[in-house]
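I'd like to ask you about the structure that follows.
A, B, C and D are the chain letters, set down in written order, and residue numbers restart from 1 in every chain.
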Amino acid sequence: MERIEESIKKYFDKSVTDRERAIFEGGIALGAIYHQFIGIPIIKDKAIIEALEKVISKSMGLQPYRESVEVKINFDLIKGEKRHAYDYETLKGKHLDVKVKTKYGNSRAIVRMRYIPEIDFTLMYIEKIEKLRSK
Amino acid sequence: MERIEESIKKYFDKSVTDRERAIFEGGIALGAIYHQFIGIPIIKDKAIIEALEKVISKSMGLQPYRESVEVKINFDLIKGEKRHAYDYETLKGKHLDVKVKTKYGNSRAIVRMRYIPEIDFTLMYIEKIEKLRSK
Amino acid sequence: MERIEESIKKYFDKSVTDRERAIFEGGIALGAIYHQFIGIPIIKDKAIIEALEKVISKSMGLQPYRESVEVKINFDLIKGEKRHAYDYETLKGKHLDVKVKTKYGNSRAIVRMRYIPEIDFTLMYIEKIEKLRSK
Amino acid sequence: MERIEESIKKYFDKSVTDRERAIFEGGIALGAIYHQFIGIPIIKDKAIIEALEKVISKSMGLQPYRESVEVKINFDLIKGEKRHAYDYETLKGKHLDVKVKTKYGNSRAIVRMRYIPEIDFTLMYIEKIEKLRSK
(Lines give C-alpha, C1' and ligand atoms only; values in the text may rest on other atoms or scores of the structure.)
Protein backbone atom coordinates (compact mmCIF):
# COMPACT_ATOMS: atom_id res chain seq x y z
CA MET A 1 0.00 0.00 0.00
CA GLU A 2 2.50 2.56 -1.27
CA ARG A 3 -0.19 5.24 -1.17
CA ILE A 4 -0.21 5.47 2.59
CA GLU A 5 3.53 5.86 2.72
CA GLU A 6 3.29 8.59 0.09
CA SER A 7 0.52 10.35 2.00
CA ILE A 8 2.72 10.54 5.08
CA LYS A 9 5.38 12.54 3.26
CA LYS A 10 3.30 15.68 3.58
CA TYR A 11 3.99 15.82 7.30
CA PHE A 12 7.74 15.97 6.74
CA ASP A 13 9.74 19.12 5.98
CA LYS A 14 10.11 19.19 2.20
CA SER A 15 13.89 19.53 2.38
CA VAL A 16 14.41 16.17 4.14
CA THR A 17 16.53 13.83 2.01
CA ASP A 18 16.33 10.04 1.85
CA ARG A 19 19.58 9.90 3.76
CA GLU A 20 18.18 12.09 6.53
CA ARG A 21 14.99 10.08 6.71
CA ALA A 22 16.99 6.86 7.14
CA ILE A 23 18.97 8.51 9.95
CA PHE A 24 15.77 9.74 11.64
CA GLU A 25 14.27 6.24 11.59
CA GLY A 26 17.50 4.84 13.02
CA GLY A 27 17.34 7.30 15.92
CA ILE A 28 13.75 6.35 16.67
CA ALA A 29 14.70 2.67 16.70
CA LEU A 30 17.48 3.10 19.26
CA GLY A 31 15.50 5.35 21.60
CA ALA A 32 12.59 2.93 21.45
CA ILE A 33 14.64 -0.20 22.14
CA TYR A 34 16.38 1.24 25.20
CA HIS A 35 13.24 2.57 26.85
CA GLN A 36 11.02 -0.43 26.02
CA PHE A 37 13.24 -3.27 27.20
CA ILE A 38 15.33 -1.89 30.07
CA GLY A 39 14.15 -3.50 33.31
CA ILE A 40 13.36 -7.01 32.06
CA PRO A 41 14.62 -9.66 34.52
CA ILE A 42 17.58 -11.66 33.18
CA ILE A 43 20.11 -14.27 34.27
CA LYS A 44 23.20 -15.81 32.68
CA ASP A 45 21.27 -18.43 30.72
CA LYS A 46 21.89 -18.76 26.99
CA ALA A 47 18.36 -19.87 26.16
CA ILE A 48 16.71 -16.93 27.91
CA ILE A 49 19.17 -14.35 26.58
CA GLU A 50 18.95 -15.59 23.00
CA ALA A 51 15.15 -15.63 23.14
CA LEU A 52 15.19 -12.05 24.39
CA GLU A 53 17.63 -10.95 21.68
CA LYS A 54 15.36 -12.49 19.07
CA VAL A 55 12.20 -10.85 20.42
CA ILE A 56 13.80 -7.40 20.52
CA SER A 57 15.06 -7.93 16.97
CA LYS A 58 11.77 -9.19 15.54
CA SER A 59 9.40 -6.81 17.32
CA MET A 60 11.42 -3.65 16.77
CA GLY A 61 12.03 -4.70 13.18
CA LEU A 62 8.30 -4.12 12.59
CA GLN A 63 8.70 -0.36 12.81
CA PRO A 64 8.87 1.49 9.48
CA TYR A 65 11.89 1.22 7.17
CA ARG A 66 13.87 -1.14 9.40
CA GLU A 67 16.00 -3.45 7.26
CA SER A 68 17.42 -5.36 10.21
CA VAL A 69 17.75 -5.08 13.98
CA GLU A 70 20.72 -7.03 15.36
CA VAL A 71 20.74 -7.39 19.13
CA LYS A 72 23.56 -8.77 21.24
CA ILE A 73 23.19 -8.87 25.00
CA ASN A 74 26.65 -8.92 26.55
CA PHE A 75 26.67 -12.29 28.29
CA ASP A 76 29.92 -11.64 30.17
CA LEU A 77 28.38 -8.70 32.01
CA ILE A 78 25.50 -10.76 33.42
CA LYS A 79 25.83 -12.21 36.89
CA GLY A 80 26.16 -16.00 37.24
CA GLU A 81 23.43 -18.64 37.56
CA LYS A 82 20.53 -18.18 39.95
CA ARG A 83 21.43 -19.47 43.43
CA HIS A 84 18.51 -18.11 45.44
CA ALA A 85 15.12 -16.49 44.87
CA TYR A 86 16.47 -12.93 44.65
CA ASP A 87 19.52 -13.77 42.55
CA TYR A 88 18.82 -12.22 39.15
CA GLU A 89 19.27 -8.79 37.64
CA THR A 90 17.47 -6.57 35.17
CA LEU A 91 18.44 -5.60 31.63
CA LYS A 92 20.47 -2.39 31.61
CA GLY A 93 21.96 -0.22 28.89
CA LYS A 94 25.43 -1.61 29.50
CA HIS A 95 24.25 -5.08 28.47
CA LEU A 96 23.06 -3.95 25.03
CA ASP A 97 24.92 -3.92 21.73
CA VAL A 98 22.38 -3.11 19.06
CA LYS A 99 22.90 -2.42 15.37
CA VAL A 100 19.92 -1.21 13.35
CA LYS A 101 19.93 -0.88 9.57
CA THR A 102 17.26 1.39 8.16
CA LYS A 103 16.61 1.94 4.48
CA TYR A 104 14.70 4.77 2.91
CA GLY A 105 14.71 5.47 -0.80
CA ASN A 106 18.31 5.55 -1.99
CA SER A 107 19.93 5.48 1.46
CA ARG A 108 20.81 3.05 4.22
CA ALA A 109 21.75 4.17 7.73
CA ILE A 110 23.53 1.84 10.12
CA VAL A 111 23.06 3.08 13.66
CA ARG A 112 24.38 1.57 16.84
CA MET A 113 23.87 1.57 20.59
CA ARG A 114 26.50 0.17 22.91
CA TYR A 115 28.11 0.86 26.23
CA ILE A 116 31.26 3.01 26.03
CA PRO A 117 33.33 2.57 29.22
CA GLU A 118 35.32 5.77 28.54
CA ILE A 119 32.20 7.87 29.16
CA ASP A 120 30.29 5.34 31.29
CA PHE A 121 27.36 5.76 28.93
CA THR A 122 25.32 3.66 26.54
CA LEU A 123 25.98 5.70 23.41
CA MET A 124 23.66 5.85 20.41
CA TYR A 125 25.53 6.82 17.24
CA ILE A 126 25.46 6.75 13.44
CA GLU A 127 28.01 4.14 12.44
CA LYS A 128 27.74 4.34 8.68
CA ILE A 129 25.57 5.73 5.91
CA GLU A 130 25.42 4.07 2.53
CA LYS A 131 24.17 5.33 -0.80
CA LEU A 132 22.19 2.67 -2.65
CA ARG A 133 22.14 2.27 -6.42
CA SER A 134 18.38 2.39 -6.81
CA LYS A 135 15.25 2.47 -4.70
CA MET B 1 21.34 -20.29 49.49
CA GLU B 2 18.39 -20.57 51.85
CA ARG B 3 20.06 -18.17 54.27
CA ILE B 4 19.45 -15.13 52.10
CA GLU B 5 15.79 -15.98 51.77
CA GLU B 6 15.56 -16.40 55.53
CA SER B 7 17.34 -13.09 56.13
CA ILE B 8 14.75 -11.28 54.02
CA LYS B 9 11.90 -12.40 56.28
CA LYS B 10 12.83 -9.78 58.83
CA TYR B 11 11.57 -7.03 56.52
CA PHE B 12 8.10 -8.53 56.41
CA ASP B 13 5.36 -7.97 58.99
CA LYS B 14 5.55 -10.98 61.33
CA SER B 15 1.88 -11.81 60.89
CA VAL B 16 2.18 -12.49 57.14
CA THR B 17 1.24 -16.10 56.32
CA ASP B 18 2.63 -18.28 53.52
CA ARG B 19 -0.68 -17.86 51.74
CA GLU B 20 -0.46 -14.08 51.93
CA ARG B 21 3.13 -14.10 50.76
CA ALA B 22 2.19 -16.17 47.71
CA ILE B 23 -0.62 -13.69 46.93
CA PHE B 24 1.75 -10.71 47.32
CA GLU B 25 4.26 -12.23 44.89
CA GLY B 26 1.44 -12.91 42.44
CA GLY B 27 0.38 -9.27 42.56
CA ILE B 28 3.94 -8.10 41.90
CA ALA B 29 4.18 -10.42 38.90
CA LEU B 30 1.06 -9.07 37.23
CA GLY B 31 1.85 -5.41 37.81
CA ALA B 32 5.36 -5.95 36.49
CA ILE B 33 4.29 -7.80 33.34
CA TYR B 34 1.75 -5.19 32.29
CA HIS B 35 4.03 -2.20 32.77
CA GLN B 36 7.16 -3.82 31.32
CA PHE B 37 5.79 -5.18 28.06
CA ILE B 38 2.96 -2.85 27.02
CA GLY B 39 4.08 -0.88 23.97
CA ILE B 40 6.10 -3.56 22.16
CA PRO B 41 5.36 -3.52 18.39
CA ILE B 42 3.41 -6.59 17.23
CA ILE B 43 1.67 -7.99 14.15
CA LYS B 44 -0.51 -11.04 13.48
CA ASP B 45 2.42 -13.40 12.96
CA LYS B 46 2.50 -16.66 14.91
CA ALA B 47 6.30 -16.83 15.11
CA ILE B 48 6.68 -13.32 16.54
CA ILE B 49 3.78 -13.68 18.98
CA GLU B 50 4.92 -17.05 20.29
CA ALA B 51 8.47 -15.78 20.75
CA LEU B 52 7.13 -12.83 22.73
CA GLU B 53 4.91 -15.07 24.88
CA LYS B 54 7.93 -17.23 25.66
CA VAL B 55 10.16 -14.31 26.57
CA ILE B 56 7.57 -12.81 28.92
CA SER B 57 7.10 -16.23 30.52
CA LYS B 58 10.80 -17.00 30.94
CA SER B 59 12.00 -13.57 32.04
CA MET B 60 9.21 -12.86 34.50
CA GLY B 61 9.52 -16.42 35.84
CA LEU B 62 12.93 -15.38 37.21
CA GLN B 63 11.35 -13.25 39.91
CA PRO B 64 11.12 -14.83 43.37
CA TYR B 65 8.73 -17.69 44.13
CA ARG B 66 7.26 -17.91 40.62
CA GLU B 67 6.30 -21.50 39.84
CA SER B 68 5.12 -20.73 36.31
CA VAL B 69 4.15 -17.77 34.16
CA GLU B 70 1.76 -18.73 31.34
CA VAL B 71 1.27 -16.02 28.72
CA LYS B 72 -1.28 -16.04 25.92
CA ILE B 73 -1.47 -13.08 23.57
CA ASN B 74 -4.94 -12.98 22.04
CA PHE B 75 -4.18 -13.54 18.37
CA ASP B 76 -7.72 -12.74 17.21
CA LEU B 77 -7.47 -9.21 18.57
CA ILE B 78 -4.34 -8.38 16.55
CA LYS B 79 -4.76 -6.63 13.24
CA GLY B 80 -3.92 -8.57 10.06
CA GLU B 81 -0.59 -8.94 8.25
CA LYS B 82 1.61 -5.93 7.57
CA ARG B 83 0.64 -4.23 4.28
CA HIS B 84 2.66 -1.04 4.54
CA ALA B 85 5.42 0.48 6.66
CA TYR B 86 3.08 1.87 9.34
CA ASP B 87 0.79 -1.16 9.52
CA TYR B 88 1.49 -2.71 12.91
CA GLU B 89 0.23 -2.09 16.42
CA THR B 90 1.63 -2.20 19.93
CA LEU B 91 0.95 -4.68 22.72
CA LYS B 92 -1.96 -3.54 24.90
CA GLY B 93 -3.61 -4.90 28.01
CA LYS B 94 -6.54 -6.27 26.04
CA HIS B 95 -4.18 -8.64 24.18
CA LEU B 96 -2.88 -10.27 27.35
CA ASP B 97 -4.14 -13.38 29.13
CA VAL B 98 -1.59 -14.21 31.81
CA LYS B 99 -1.73 -16.83 34.55
CA VAL B 100 1.00 -16.80 37.18
CA LYS B 101 1.47 -19.52 39.78
CA THR B 102 3.47 -18.51 42.81
CA LYS B 103 4.48 -20.85 45.62
CA TYR B 104 5.64 -19.89 49.07
CA GLY B 105 5.96 -22.37 51.90
CA ASN B 106 2.74 -24.35 52.12
CA SER B 107 0.72 -22.22 49.69
CA ARG B 108 0.24 -21.71 45.98
CA ALA B 109 -1.53 -18.67 44.53
CA ILE B 110 -2.85 -18.69 40.98
CA VAL B 111 -3.34 -15.13 39.81
CA ARG B 112 -4.59 -13.93 36.47
CA MET B 113 -4.67 -10.88 34.23
CA ARG B 114 -7.07 -10.70 31.32
CA TYR B 115 -9.31 -8.26 29.55
CA ILE B 116 -12.90 -8.20 30.83
CA PRO B 117 -15.19 -6.63 28.20
CA GLU B 118 -17.96 -6.00 30.79
CA ILE B 119 -15.78 -3.37 32.50
CA ASP B 120 -13.53 -2.54 29.51
CA PHE B 121 -10.56 -3.21 31.75
CA THR B 122 -7.61 -5.58 31.93
CA LEU B 123 -8.39 -7.06 35.34
CA MET B 124 -5.80 -8.57 37.68
CA TYR B 125 -7.35 -11.05 40.09
CA ILE B 126 -6.69 -14.00 42.41
CA GLU B 127 -8.12 -17.01 40.62
CA LYS B 128 -7.35 -19.71 43.15
CA ILE B 129 -5.35 -20.40 46.27
CA GLU B 130 -4.16 -23.89 47.12
CA LYS B 131 -2.86 -25.37 50.33
CA LEU B 132 0.08 -27.67 49.73
CA ARG B 133 0.81 -30.81 51.75
CA SER B 134 4.37 -29.90 52.65
CA LYS B 135 6.94 -27.28 51.88
CA MET C 1 -20.55 3.03 41.17
CA GLU C 2 -20.28 0.31 43.79
CA ARG C 3 -22.01 -2.15 41.47
CA ILE C 4 -19.01 -2.52 39.20
CA GLU C 5 -16.72 -3.22 42.12
CA GLU C 6 -19.18 -5.81 43.39
CA SER C 7 -19.44 -7.42 39.96
CA ILE C 8 -15.69 -7.90 39.87
CA LYS C 9 -15.71 -10.03 43.01
CA LYS C 10 -16.95 -13.02 41.04
CA TYR C 11 -13.57 -13.36 39.35
CA PHE C 12 -11.79 -13.76 42.67
CA ASP C 13 -11.44 -17.03 44.61
CA LYS C 14 -14.26 -16.98 47.18
CA SER C 15 -11.89 -17.61 50.07
CA VAL C 16 -9.93 -14.38 49.55
CA THR C 17 -10.19 -12.12 52.62
CA ASP C 18 -10.14 -8.32 52.71
CA ARG C 19 -6.64 -8.52 54.17
CA GLU C 20 -5.44 -10.69 51.30
CA ARG C 21 -7.04 -8.45 48.74
CA ALA C 22 -5.25 -5.43 50.19
CA ILE C 23 -1.95 -7.34 50.02
CA PHE C 24 -2.59 -8.37 46.41
CA GLU C 25 -3.25 -4.77 45.37
CA GLY C 26 -0.08 -3.70 47.16
CA GLY C 27 1.95 -6.24 45.21
CA ILE C 28 0.50 -5.05 41.91
CA ALA C 29 1.38 -1.44 42.81
CA LEU C 30 5.05 -2.19 43.48
CA GLY C 31 5.58 -4.38 40.41
CA ALA C 32 3.91 -1.74 38.26
CA ILE C 33 5.94 1.20 39.61
CA TYR C 34 9.31 -0.49 39.12
CA HIS C 35 8.65 -1.63 35.57
CA GLN C 36 6.91 1.56 34.41
CA PHE C 37 9.39 4.17 35.60
CA ILE C 38 12.82 2.52 35.49
CA GLY C 39 14.83 4.08 32.67
CA ILE C 40 13.64 7.70 32.92
CA PRO C 41 16.57 10.14 32.55
CA ILE C 42 17.41 11.94 35.81
CA ILE C 43 20.00 14.31 37.29
CA LYS C 44 20.68 15.67 40.77
CA ASP C 45 18.17 18.52 40.51
CA LYS C 46 15.58 18.93 43.26
CA ALA C 47 12.89 20.36 40.97
CA ILE C 48 13.10 17.49 38.48
CA ILE C 49 13.29 14.79 41.14
CA GLU C 50 10.38 16.16 43.16
CA ALA C 51 8.24 16.50 40.03
CA LEU C 52 8.99 12.87 39.17
CA GLU C 53 8.18 11.69 42.71
CA LYS C 54 4.86 13.50 42.50
CA VAL C 55 3.95 12.06 39.11
CA ILE C 56 4.70 8.50 40.20
CA SER C 57 2.65 9.07 43.34
CA LYS C 58 -0.35 10.64 41.62
CA SER C 59 -0.52 8.37 38.57
CA MET C 60 -0.02 5.10 40.39
CA GLY C 61 -2.46 6.22 43.06
CA LEU C 62 -5.18 5.97 40.40
CA GLN C 63 -5.07 2.18 40.45
CA PRO C 64 -7.77 0.45 42.51
CA TYR C 65 -7.82 0.59 46.30
CA ARG C 66 -4.67 2.71 46.66
CA GLU C 67 -4.92 4.92 49.74
CA SER C 68 -1.57 6.59 49.18
CA VAL C 69 1.63 6.13 47.17
CA GLU C 70 4.64 7.80 48.80
CA VAL C 71 7.72 8.00 46.58
CA LYS C 72 11.19 9.07 47.63
CA ILE C 73 13.98 9.05 45.09
CA ASN C 74 17.30 8.78 46.94
CA PHE C 75 18.95 12.07 46.05
CA ASP C 76 22.34 11.10 47.48
CA LEU C 77 22.67 8.21 45.04
CA ILE C 78 22.24 10.43 41.98
CA LYS C 79 25.34 11.72 40.24
CA GLY C 80 26.10 15.47 40.43
CA GLU C 81 24.95 18.28 38.16
CA LYS C 82 25.09 17.95 34.40
CA ARG C 83 28.51 19.03 33.07
CA HIS C 84 28.27 17.83 29.48
CA ALA C 85 25.67 16.51 27.05
CA TYR C 86 26.03 12.86 28.12
CA ASP C 87 26.22 13.53 31.85
CA TYR C 88 22.97 12.19 33.26
CA GLU C 89 21.75 8.79 34.40
CA THR C 90 18.53 6.82 34.33
CA LEU C 91 16.20 5.91 37.18
CA LYS C 92 17.15 2.55 38.71
CA GLY C 93 15.69 0.39 41.45
CA LYS C 94 18.35 1.47 43.91
CA HIS C 95 17.10 5.07 43.72
CA LEU C 96 13.55 4.17 44.77
CA ASP C 97 12.01 4.13 48.22
CA VAL C 98 8.28 3.62 47.77
CA LYS C 99 5.58 3.03 50.36
CA VAL C 100 2.10 2.15 49.15
CA LYS C 101 -0.94 1.96 51.40
CA THR C 102 -3.84 -0.03 50.03
CA LYS C 103 -7.21 -0.38 51.68
CA TYR C 104 -9.84 -2.99 50.98
CA GLY C 105 -12.85 -3.55 53.19
CA ASN C 106 -11.66 -3.86 56.78
CA SER C 107 -7.92 -4.05 56.00
CA ARG C 108 -5.02 -1.80 55.14
CA ALA C 109 -1.74 -3.14 53.76
CA ILE C 110 1.43 -1.05 53.85
CA VAL C 111 3.90 -2.38 51.30
CA ARG C 112 7.33 -1.10 50.52
CA MET C 113 10.03 -1.21 47.87
CA ARG C 114 13.56 -0.10 48.64
CA TYR C 115 17.12 -1.06 47.92
CA ILE C 116 18.67 -3.44 50.48
CA PRO C 117 22.50 -3.29 50.26
CA GLU C 118 22.86 -6.62 52.13
CA ILE C 119 21.36 -8.50 49.18
CA ASP C 120 22.14 -5.89 46.47
CA PHE C 121 18.48 -6.00 45.53
CA THR C 122 15.51 -3.65 45.39
CA LEU C 123 13.22 -5.61 47.71
CA MET C 124 9.44 -5.47 47.65
CA TYR C 125 7.92 -6.44 50.99
CA ILE C 126 4.84 -6.22 53.22
CA GLU C 127 5.76 -3.78 55.96
CA LYS C 128 2.56 -3.81 57.98
CA ILE C 129 -1.04 -4.93 57.86
CA GLU C 130 -3.71 -3.14 59.81
CA LYS C 131 -7.22 -4.16 60.77
CA LEU C 132 -9.66 -1.28 60.39
CA ARG C 133 -12.68 -0.72 62.62
CA SER C 134 -15.21 -0.47 59.85
CA LYS C 135 -15.36 -0.37 56.09
CA MET D 1 33.37 19.60 29.43
CA GLU D 2 33.50 20.02 25.67
CA ARG D 3 36.26 17.42 25.49
CA ILE D 4 33.93 14.52 26.15
CA GLU D 5 31.55 15.65 23.46
CA GLU D 6 34.47 15.96 21.05
CA SER D 7 35.74 12.50 21.98
CA ILE D 8 32.40 10.99 21.08
CA LYS D 9 32.58 12.23 17.51
CA LYS D 10 34.98 9.43 16.62
CA TYR D 11 32.17 6.89 16.89
CA PHE D 12 30.12 8.67 14.24
CA ASP D 13 30.52 8.25 10.48
CA LYS D 14 32.75 11.12 9.36
CA SER D 15 30.27 12.25 6.71
CA VAL D 16 27.50 13.05 9.21
CA THR D 17 26.59 16.75 9.09
CA ASP D 18 25.34 18.92 11.96
CA ARG D 19 21.91 18.85 10.37
CA GLU D 20 21.90 15.04 10.28
CA ARG D 21 23.09 14.82 13.85
CA ALA D 22 20.25 17.08 15.01
CA ILE D 23 17.78 14.85 13.13
CA PHE D 24 19.25 11.69 14.67
CA GLU D 25 18.92 13.10 18.18
CA GLY D 26 15.33 14.09 17.41
CA GLY D 27 14.52 10.55 16.36
CA ILE D 28 16.02 9.11 19.54
CA ALA D 29 13.94 11.55 21.63
CA LEU D 30 10.63 10.50 20.07
CA GLY D 31 11.29 6.76 20.21
CA ALA D 32 12.36 7.09 23.83
CA ILE D 33 9.35 9.14 24.94
CA TYR D 34 6.79 6.78 23.43
CA HIS D 35 8.30 3.61 24.85
CA GLN D 36 9.12 5.03 28.29
CA PHE D 37 5.79 6.63 29.19
CA ILE D 38 3.11 4.56 27.45
CA GLY D 39 1.17 2.63 30.09
CA ILE D 40 1.12 5.21 32.90
CA PRO D 41 -2.32 5.38 34.57
CA ILE D 42 -4.17 8.63 33.80
CA ILE D 43 -7.56 10.27 34.32
CA LYS D 44 -9.17 13.51 33.09
CA ASP D 45 -7.65 15.66 35.84
CA LYS D 46 -5.78 18.81 34.86
CA ALA D 47 -3.36 18.68 37.78
CA ILE D 48 -2.25 15.10 37.09
CA ILE D 49 -2.00 15.59 33.33
CA GLU D 50 -0.02 18.81 33.59
CA ALA D 51 2.36 17.25 36.12
CA LEU D 52 2.93 14.34 33.73
CA GLU D 53 3.51 16.66 30.76
CA LYS D 54 6.08 18.56 32.79
CA VAL D 55 7.92 15.42 33.93
CA ILE D 56 8.15 14.04 30.40
CA SER D 57 9.41 17.42 29.20
CA LYS D 58 12.00 17.89 31.93
CA SER D 59 13.33 14.33 32.11
CA MET D 60 13.59 13.76 28.38
CA GLY D 61 15.11 17.21 27.97
CA LEU D 62 18.16 15.87 29.83
CA GLN D 63 19.22 13.75 26.87
CA PRO D 64 21.98 15.21 24.68
CA TYR D 65 21.40 18.22 22.44
CA ARG D 66 17.72 18.70 23.37
CA GLU D 67 16.82 22.37 23.20
CA SER D 68 13.23 21.85 24.33
CA VAL D 69 10.70 19.04 24.73
CA GLU D 70 7.10 20.29 24.54
CA VAL D 71 4.50 17.74 25.59
CA LYS D 72 0.74 18.07 25.24
CA ILE D 73 -1.48 15.22 26.36
CA ASN D 74 -4.78 15.47 24.49
CA PHE D 75 -7.22 16.11 27.32
CA ASP D 76 -10.34 15.63 25.16
CA LEU D 77 -9.35 12.04 24.41
CA ILE D 78 -9.18 11.05 28.09
CA LYS D 79 -12.23 9.48 29.69
CA GLY D 80 -14.13 11.47 32.32
CA GLU D 81 -13.59 11.63 36.08
CA LYS D 82 -13.04 8.50 38.13
CA ARG D 83 -16.39 7.02 39.24
CA HIS D 84 -15.24 3.66 40.58
CA ALA D 85 -12.02 1.86 41.47
CA TYR D 86 -11.38 0.54 37.94
CA ASP D 87 -12.34 3.73 36.12
CA TYR D 88 -9.08 5.08 34.72
CA GLU D 89 -7.07 4.43 31.58
CA THR D 90 -3.40 4.29 30.60
CA LEU D 91 -1.38 6.71 28.50
CA LYS D 92 -1.46 5.72 24.82
CA GLY D 93 0.17 7.07 21.68
CA LYS D 94 -3.04 8.74 20.59
CA HIS D 95 -2.94 10.99 23.68
CA LEU D 96 0.49 12.40 22.87
CA ASP D 97 1.41 15.53 20.93
CA VAL D 98 5.14 16.03 21.40
CA LYS D 99 7.45 18.56 19.76
CA VAL D 100 11.18 18.20 20.36
CA LYS D 101 13.74 20.78 19.30
CA THR D 102 17.28 19.49 19.05
CA LYS D 103 20.30 21.63 18.27
CA TYR D 104 23.67 20.46 17.10
CA GLY D 105 26.34 22.78 15.76
CA ASN D 106 24.76 25.00 13.14
CA SER D 107 21.44 23.14 12.89
CA ARG D 108 18.15 22.83 14.71
CA ALA D 109 15.70 19.99 14.03
CA ILE D 110 12.07 20.25 15.10
CA VAL D 111 10.57 16.77 15.27
CA ARG D 112 7.06 15.83 16.20
CA MET D 113 4.99 12.87 17.35
CA ARG D 114 1.21 12.98 17.18
CA TYR D 115 -1.72 10.78 16.35
CA ILE D 116 -2.83 10.96 12.70
CA PRO D 117 -6.44 9.69 12.39
CA GLU D 118 -6.05 9.15 8.61
CA ILE D 119 -3.60 6.30 9.21
CA ASP D 120 -4.70 5.43 12.78
CA PHE D 121 -1.09 5.78 13.84
CA THR D 122 0.99 7.91 16.17
CA LEU D 123 3.38 9.31 13.58
CA MET D 124 6.90 10.52 14.31
CA TYR D 125 8.10 13.03 11.72
CA ILE D 126 10.57 15.82 10.98
CA GLU D 127 8.53 19.00 11.02
CA LYS D 128 11.20 21.53 10.24
CA ILE D 129 14.96 21.95 10.01
CA GLU D 130 16.60 25.28 10.59
CA LYS D 131 20.07 26.53 9.75
CA LEU D 132 21.52 28.61 12.57
CA ARG D 133 23.83 31.59 12.08
CA SER D 134 26.59 30.37 14.32
CA LYS D 135 27.30 27.57 16.77
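We take it that a residue touches a chain if its C-beta (ideal position, glycine included) is under 8 Å from a C-beta of that chain, and two chains touch if they have at least 3 such contacts.
Source: prediction; values computed, not measured.
When the contact pairs of A-B are set against those of A-C, B-D or C-D, over half line up by residue number only for C-D. Set against the Cα centre of chain D, the chain with the most distant centre is B. For the pair chain B and chain D, the distance between C-alpha centroids works out to 30 Å. One inter-chain figure worth recording: chain C and chain D are separated by 26 Å, centre to centre, where each centre is the mean of the chain's CA atoms. The distance from the centre of chain B to the centre of chain C, with each centre set as the mean of the Cα atoms, comes to 18 Å.
Shown for chain D are the residues that touch two or more other chains, namely 4, 8, 34-36, 39, 86, 119, 123. Taken in their complex, chain A has these residues touching chain C: 34-35, 38-39, 86, 90, 92-93, 119, 121, 123.
Chain contact summary for the complex, chain D toward chain C: residues 1-2, 4-5, 8, 36, 39-43, 47-48, 51-52, 54-55, 58-60, 62-65, 82-88.
Here chain D touches chain A in the complex through residues 4, 7-8, 11-13, 15-16, 19-21, 23-36, 111-112, 116, 118-119, 123-129, going by the rule given at the top.
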